[in-house]
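Two complexes, one shared chain (chain A), two partners (chain B, chain C).
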Partner chain A sequence: MKCKEASPVLVIRVGDAFCKACFREYFVHKFRAMLGKNRAIYPGEKVLLALSGGPASSSMLRQVQEGLSRETAKKLRFIPGIIYVDEGAVCGQSLAEREETLLQMETILQASGFPYHLAHLEEVFDLPSSILQRVPHNPAGPKNSYKEAVEGFIRQQRQEEGGGPSLPERQIQEKLAEISMRDAPGMEGLAAPEARLLAAVRTEQLIRLFGSVKTLTAKEELLQTLRNHLILHTARAQGYSKAMMGDSCTRLAVKLLTNLSLGRGASLAMDTGFSDDRHGDVVVVRPMREYSAKEIAFYNHLFGVPTVFTPALDTKALEKASIHRVIERFLYRLQAEFPSTVSTVYRTGEKLSATPGDASPAAEPERCLLCLCALDTNVEDGSALQAILVSEQLSQQKLPAALPTERGCCPGAEEQRGCCMNTTAPGADFLPLLCYGCRLTIKDTTCLESLPLYVRAEAERRKRRAAMKLEIQEFLLEDEAVTPDES
Partner chain B sequence: MAAPMSLLVEFGGGAELLFDGVKKHQVTLPCQPEPWDIRNLLKWIKQNLLKERPELFIQGDTVRPGILVLVNDADWELMGELDYKLQDQDNVVFISTLHGG
Partner chain C sequence: MPAPCSACGASLAALRRPKTGHALCRACFLAAFEEETHQAIVAGRLFRPGETVAIGASGGKDSTVLAHLLQLLDQRHGYGLRLLLLSVDEGIAGYRDASLAAVRRHQRRSGLPLHVVSYRQLYGWSMDRIARHLGPRNNCTFCGVFRRQALDRGALLMGADKIATGHNADDVAETVLMNFLRGDGGRLHRGAGTGPAGGEGAVPRCKPLRHAYEKEIVLYAYFQGLDYFSTECVYAPQAYRGYARTLLKELEAARPSAVADLGHSGERLSLRSDLRMPARGTCQRCGYVASQPLCKACVLLEGLDRGLPKLGIGKHRRLRDKLQDGQPLTQEERRHLGAPAEGEPPEEQEPRGELGTDEEPRLQGHVKELIIKPFAEGEITR
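And then the complex of A and B:
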């Protein structure tokens, strides 16, 4: 017991009991220490908080509120905004249920006092294909520039407090920004009935897309990918340079093992590390990564953090319905017997670090179409991938050639035979553009035409570029210049 | 002999889905020869409150891993877990941590 005065309320690690006040201090301190240690967030930066209504992200919101409200020089200094993505259509919720959830979320969002954005997952169909392109970003300077930035900011604040007029001006700007941000992007200019019709069409498209995915594992992966793209788009459109996700330690441990099982080992460092800069300009940070699910649940209960429970894809699913569920069950059961399991997995993950991406800008690695990680699919002699491909080919030769079914792959499209161009191997031309993990997701998707337009457009663009590069390959000088040498 | 006692049983974090979405239950436990402890309470909940999918809440004679139990706002590990003897007007909260956020 730390303070030895009040009665213990919670046990974190074996033999480590906290009373309510000490726990609160410990919790708040961990958040600030996480941000301070990594020095990733500069003063005055706009940061987008991804709120799902669940315990971890709600707790994160509360920590940001607490951190910003302190009067001393130690207060957190960034400018937050919140995004909530409504995924009800995919999770089988009716329109009425989604409305109710949105109402509950809006209460929380408005109470926070920060500008917020409500996005529906259906909006992925209106995303530009530039989402799938990495935008180069000046890497952050050396560590002392962080300190200078902080000192400069404090100095500037003191000057402004003496001046006066700039403060209300900033507030007016904030209010204006707030008003403009509450419209659903893409819906401006549409009259109400047209907007509703468009929304209904999009919902149907979304349900069709997820209906064409055969396994729950692939559905969950696809959902995560689309959600990340939507959050990234909002961040870019509204000028946020960072996005904060509420992944807890327990969640990240499960994610680590799940990604290993899904063949995403090459991108583990980015997927579970503190900062994830695969998109270049918008960096994803995970400040809650050292909080176990138990700590978060206790904090929320003891200190009244409002949460909204929304059923997810895997709510009430069977135990072995998806890889995510299997791993989660495995870890939780092991944790019950050996309480240091989750933190051991987490600490092992902490030791992973991404290879420095921008070391040699000329040799920019090929990136996966969907997840923007470096492609890990060079089929070298003796690599695991080569072994998998060989055994795939061998096992396919033994089976009789599978006849493509007569009706279209999309339900209700019996008349249209030409729905999917490649009935023999759907997505065979997509696959080279994807990393191994995303390939598995796409292989489980039967109808690739229902993928959002931006994915298909970007895939086309890359294929054309690759074809063009192949054509002019012989004219390219090796290693350096790109100018074709026509002789 | 255990006298009948009334408790406030709460469910959170998604666990309420298994109980018709109702988060707070004021329950009155009947008189019975053995004293009421968490172990017996779980059996009682399984029989009387749980509407579906018992394996998502209870595993064996304890709660499923991932479900936290708080007794009067304190971790049940500090109170003896399954062997804690319930008292009248106690508040028992079950929070599921299986849904992330």
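And then the complex of A and C:
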């Protein structure tokens, strides 16, 4: 008990009892300490908050609101925006249900006073293929230390307040809020009925895409990938240099074990660390990573943080339907018996490093087409990957000439070469472009033609480039300076 | 409706292999499994011609298949190895004696020389006796630590250059999960069981079957007609590894490739370079490999011999230091370390008629009077 005067209201861990005021202070302090310790967010930066409506991201929004509203010199200094992605089509919700959810979300979004963007997962089909390319990023002032940047900002603010029209914090926020409160990229310029038609087509495309994915595990992975791309696109288009995700400690522990089981051991540190810079210009940060789900739930309850429940892909799914589900159940059960399990797993995750031990620092590694992590598929002698390839080889004949194609899953594609390629498994030419984990996802996808255009276009581009490189392989010297768009 | 074998296309498939899901006939599966093991051995550069390899033989499915395969592949591909069987008798009635009988049957069939080392002989304590003092949990800690040393000592006695164990892909996957659940940075760094041939112990080790699914090993033994002993150790149900094993079964049900995927993840883990890792030294008492002043086996034995069996379990640094300085412990502290409560019967004598080894005479063991000589200078390689 910290203040020893008020009566305790909740217990976080054994021996840690808090009264309401002390808990609030503890909670708020953790958020600011996380940002301050990592010194990742520079003053004046535009930061995009990814709001899912769930407890953790809603709590994160509240912390940002609180942090920005303080009058002291210690207030948070970045410029926030919010994005909410509507995934209802994939999760089996009807249009009416989606509208209902959106209304609830809009209430919360408008109440925040920050500019917000409502995106629908369908917009994924209109993304540019540049999304899949890493943009090398030179931050404005890497030479300045963080401290100098902050001091400079404060000095600047004081000057503004001195001479000229002074704009208190509130008014700035209102001005920002006026500018394009509602943003639907790709829809501008279309008349209403056309827009609706396009939306319906896209929804159908989306449902078809997810329908062609055979396992729930792969569906979850694909959903996450597409969602991240959409958020990244919005951030880039609107000039945000950071994106904040609301992953809690509990969620990250589950994610660690899940990704281990999905073969993503190589990218664990980036997937769960505080900052994730795989895209280059937009850095993903996770400020909620030290909060357990329990703490967040208590905070939201005690301080009235609004949340909106939306069914997810695996809501009401069978227990053993997906890897994610299995791990989550397992971890929660084990936590009940060994209360330090979640925090131990999380701490183990902190011991990981983002750069592989044997990577040469100079060379830019080849990146996965979908998740943009460094490829981990070089076949090393005696490795598990090699053993799998050998097993696959030995278990099959040489590929037969032509198996009869099944009735095409893409109607209308039959006059051209069918998408479900006759001889090799579908997606065989995609696989070299993907990391181990994404390969498993694509292997579970039967109809690759239903993937969004940007994915296929970028894949083609990389394949052409690889073919080019193969042709001139003998003339290329080692450790050439890599051209900017080589990926 | 039976499907044709996807490898030869000629015969009807007799099984569906868990690792890839293909339907294969008996002959093709056996051939594929043997070839895969051979390739793993060659690609991993596990052996050198002329080496003497001690195969850790427990009588169970993994080591039986391993011994069979190594003998077969050595003949077929000319590895040039001298193979031996090395068995460890932990002293678990009803379990180990039955499995040792299976090892002896295998030895008679294969003609390979066999050597058995026992805990009682090496340390003066059998697992049954330890369990009587320790209780139902934490027995695997003792058994695992003691077995490692026992294998090394046995291998040195037999003049072996390498130890081959039958760890399979499921074991490796469970280990990766377990190390994460327990936050064992040191083990994760060392590869969590996925690392190349090398060793934490005195004698280099390798795991030729580490990419083989457990189910496929059983399939191989079944179709090859190999005889092995299969019962779970009586102390296993309470082991922590049981959780990881259950989890792995569920993961495999959700996605069959999860076993291999975990192996891949384990290989590709990269830890921060600024972490403090345990350094490799030697035990002050017996000379074995250790990262602390005393090796784990000596610490555990110390606890057992003093009637404080939990000395090596959990973190009791303060109490251990106290003991080291010769200070007496309070009743409370002794209870922490597992001392029996007041009024409990005195320590039982070992029943005389226990199955031990054939060759070695039985030795009374108190750690200070161990007749086993400590490791000599230079005996520990690499």
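We adopt the following convention: the second predicted complex is superposed on the first by the 422 of 487 C-alpha atoms of A that agree within 3 Å, B and C clash if a C-alpha of one lies under 4 Å from a C-alpha of the other, contacts with A are read in each partner's own complex, and residues count from 1 in each chain.
FYI, a contact is a pair of C-beta atoms (placed from the backbone, for glycine too) under 8 Å apart; a residue touches a chain by one contact, two chains touch by 3 or more.
Everything quoted here is computed from the prediction, not taken from an experiment.
Trainee: So in the superposed three-chain picture, is A:278 touching just chain B, just chain C, both, or none of them (first/second/both/neither)?
Mentor: Neither: A:278 stays clear of chain B and chain C.
Trainee: Touching A:286 in the superposition: chain B (first), chain C (second), both, neither?
Mentor: neither
Trainee: After superposition on the shared chain, which partner residues are touched by A:215: those of chain B (first), chain C (second), both, or neither?
Mentor: In the superposed model, A:215 contacts chain C only, not chain B.
Trainee: Contacts for A:353 in the overlay, against chain B (first) and chain C (second): which applies, first, second, both or neither?
Mentor: After superposition on chain A, A:353 lies in contact with chain C alone.
Trainee: Per the overlay, which chain contacts more chain A residues, chain B or chain C?
Mentor: Residues of chain A touched, chain B against chain C: more for C.
Trainee: Counting only touches as set out at the top, which of chain B and chain C does A:341 meet: first, second, both, neither?
Mentor: Touch status of A:341: second partner only.
Trainee: Just to be sure I read the superposition right, which of the two partners does A:17 touch: chain B = first, chain C = second, or both, or neither?
Mentor: Only chain B is touched by A:17; chain C is not.
Trainee: Examine A:315 and indicate which partner it touches, taking first as chain B and second as chain C; both and neither are also allowed.
Mentor: A:315: touches chain B, not chain C.
Trainee: Does the superposition put A:56 against chain B (first), chain C (second), both, or neither?
Mentor: The answer is first: A:56 touches chain B but not chain C.
Trainee: Where on chain A do the contacts with chain B and the contacts with chain C coincide?
Mentor: Dual-contact residues (chain A): none.
Trainee: In their shared complex, at which residues does chain B touch chain A?
Mentor: Those in contact with chain A are residues 12-14, 16-17, 53, 55-56, 65-66, 68, 70, 73-75, 77-78, 93, 95, 97-101.
Trainee: Can you check the complex and tell me which residues of chain A touch chain C?
Mentor: 215, 217, 256-257, 259-266, 268-269, 320-323, 325-327, 330, 334, 341, 344-345, 347-348, 351-357, 376, 380-388, 390-392, 394-397, 436, 440
Trainee: Could you list, by residue number, the parts of chain A that touch chain B in their complex?
Mentor: These residues of chain A touch chain B: 7-11, 17, 52-59, 246-248, 250-251, 293-294, 296-298, 301-302, 307, 309, 311-312, 315-316, 319, 328, 332-333, 335-336.
Trainee: What part of chain C is in contact with chain A in the complex they form?
Mentor: Those residues of chain C that touch chain A are 6-9, 17, 19-20, 22, 24, 28, 31-32, 35-36, 39-40, 43-46, 169, 176-177, 179-185, 188, 194, 196, 211, 243, 246-247, 250-251, 253-255, 257-258, 260-273, 275.
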